[in-house]
């Protein structure tokens, strides 16, 4: 299979290995989150188990938020790569920037777990800044793949809409980052909305595509 | 291979990547268990090695229980995905719920290791609750795949029986969870029985299928 | 590719996923070894870097021994699976026993790093016992695959010799385990010999096969 | 697919599994770097978050340097294996030497994070020595594959140039290692240049190939 592959198919194989490496990073980052939970368990030898859970609910909240964050990133990465046909040298670095933000994610999650009670606004803002950077990374991947024609020819229109979703994502996360300094509950509510929308990237992009096609039709019929 | 794939085959590739990501999570969670063992090693600098092993057998027991738990989950996940043909956006989240429980597993294992001696009933109940949640997640995966026709057409009958095994699993783990608060030895015995049954998911589902077919025949012959 | 596969090919796909899961466990266990090294770095804030390296060479020795151990196991696992054609439910558990020993390996490595100076004989014996158990696991995998005809038909003779190498391995590691209690240098020398032989499993098994064929010929010519 | 493979194709499958195992090691090593960051977070419970970031910028710098280092190694490993056709027993060990250096990388990164302020020259030299060893490992992989004809026949000329880049890499990293003891800023500047060149291994090797072809033409025309 590999031996008689032409120059073009060899590049496909590169895409597969880039996906495999990225999958590895995603799955490790998501699993490392539990270490922060276990770390919390150790110092309280005197405390009883039930009291421990009552006093330390923040690490659990942070664990679940961190888990959902990385899972959403993986689902979106997976969705974007479904349309990517080939890769080049620079694309490795654009993807590498996203992976950098993913491997970092357990760190703001740990900050959230330890400082939510005492310095909630700053802790949430740091976590929110991470979202903003992930948004930039996701948009960069799409923009690069779109401009350099790394995607399947027949899905350019749809991929443009995928790219657009991450553009909206950048603006949205920047706004919510600023709101973190004003009100924690409002920021959390807005992040939950972000989660729901990007949990289903295909549906979101399809919605944008339909709206675009509708507008085009209206223009034509005018 | 990927370039000339039709819409339908593209989905198959998605299944493969979902499996790869899940495999990554399983293999990391199962390997992280050893960190808890090593953690135990550090504080006792004064103690001799043999005494250390005599006084601290709980982490080893917890390690082996945690290992078998995640291995059984992987074997069952593997078995279920053998019949799954395609995936959709929501299915990622149903599978994500199972992965959440898997990545969490090292945490109740660490609780078991540290609190088995002092607060055995509650420690075991927390570990047992984890089983109950895994049971719900496994059933959800099967039920979703069955209802949305994500499975191979010719294995619907068998897959129904697989789904049934996890339904029994939910009820069973709920009962044993309650027994944890009454008697530790009985609960451990019942969990061992659970291990043996779900260690061989194919054999268990086949047994259910045969019983079902036998009943159908009896009805026809009546 | 997956959709039109017959019953027989579906099993092959199972082998691939078992390999992927095992590869994940091997690669994580081998990378976790570095955490023990970093752990050693933390407490000595007052000490200068060069002095630190002079006083703490044992963790480095243990790291390299642990690394080579897991790498040899992976190379042998890889080699054995080259001849395995299909898997069944029980085989997952035989392989799972090997993975249990692999995930455990960072633990005896940590013991070696911390107790080599103070309780060398016992620390080495614990590490050596790990080898003995890995030997049993490797032999079990081969024996099960051989007896249940899970291997390629045309390589039964060669696979028998592979099985034989692990049988020798069990006896050898048992003997060296006992020697650990008598003399550390002799035991280390014998383990190094073990490393060299199992570093090249194909060459070792080929040697045994040739000797066997030679004997058969001699018998025929008699 | 696997069942009817000839002896030659079986070896290709070995290459794939070696790549998968290596990818696992790379992706885990790169993700473990964050643990060092989180470790830094724990002791400062009294300090406020913003002050913490102001006082502890070295772990972040070390994290990013470590991340880029391993990413560059992966990109180069990936690039080299694009031309490798088959593997043999000894090649596993040559590749294993590279993996040893990769799994070690989080350790010098941790040293950099903790000792950059107090013992900058020695900390940087240790990190630089790691580069030198990685250079030797990368060159060994290429030299072995080239000499044993493990590469695709039609890319021998290009692969020779790839091999040459790592030869230059060994000499360069040795020189910068020595400069570490003289001037930290100069060494950092030279390492940044190294990063930029090896970030795009294909372009670097292509440049060398063109220069070589130009020279050959000049000789012919003489």
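So that you can tell them apart, the chains are marked A, B, C and D in the order they are listed, and the count of residues begins at 1 in each.
One rule holds for everything that comes next: contacts are C-beta pairs under 8 Å (C-beta built on N, C-alpha and C of every residue); 3 or more make two chains touch, one makes a residue touch a chain.
Just so it is clear, the model here is predicted, and its values are computed rather than measured.
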Fitting chain B to chain D on CA atoms, where both chains share a sequence, rotation angle to nearest 5 degrees: 180
Shared interface numbering between chain C and chain B [over half = same, under half = different]: different
Centre-to-centre distance between chain D and chain B (centres being mean Cα positions), rounded to whole Å: 38
Centroid distance [mean C-alpha coordinates] between chain B and chain A, Å: 27
Set of chain A residues in contact with two or more other chains: 1, 20, 24, 28, 32, 35
Residues on chain C engaged by chain B in the complex (per definition of touch): 1-3, 10, 13-14, 17-18, 20-21, 24-25, 28-29, 32, 35-36, 39, 89-90, 92-93, 96, 99-100, 103-104, 106-107, 110-111, 114-115, 119, 122-123, 126
Residues of chain B that touch chain C when the two form their complex: 1, 8-9, 12, 15-16, 19-20, 23-24, 26-28, 30-35, 37-38, 41-42, 48-50, 63-64, 67, 71, 74-75, 78, 82, 85, 199-203
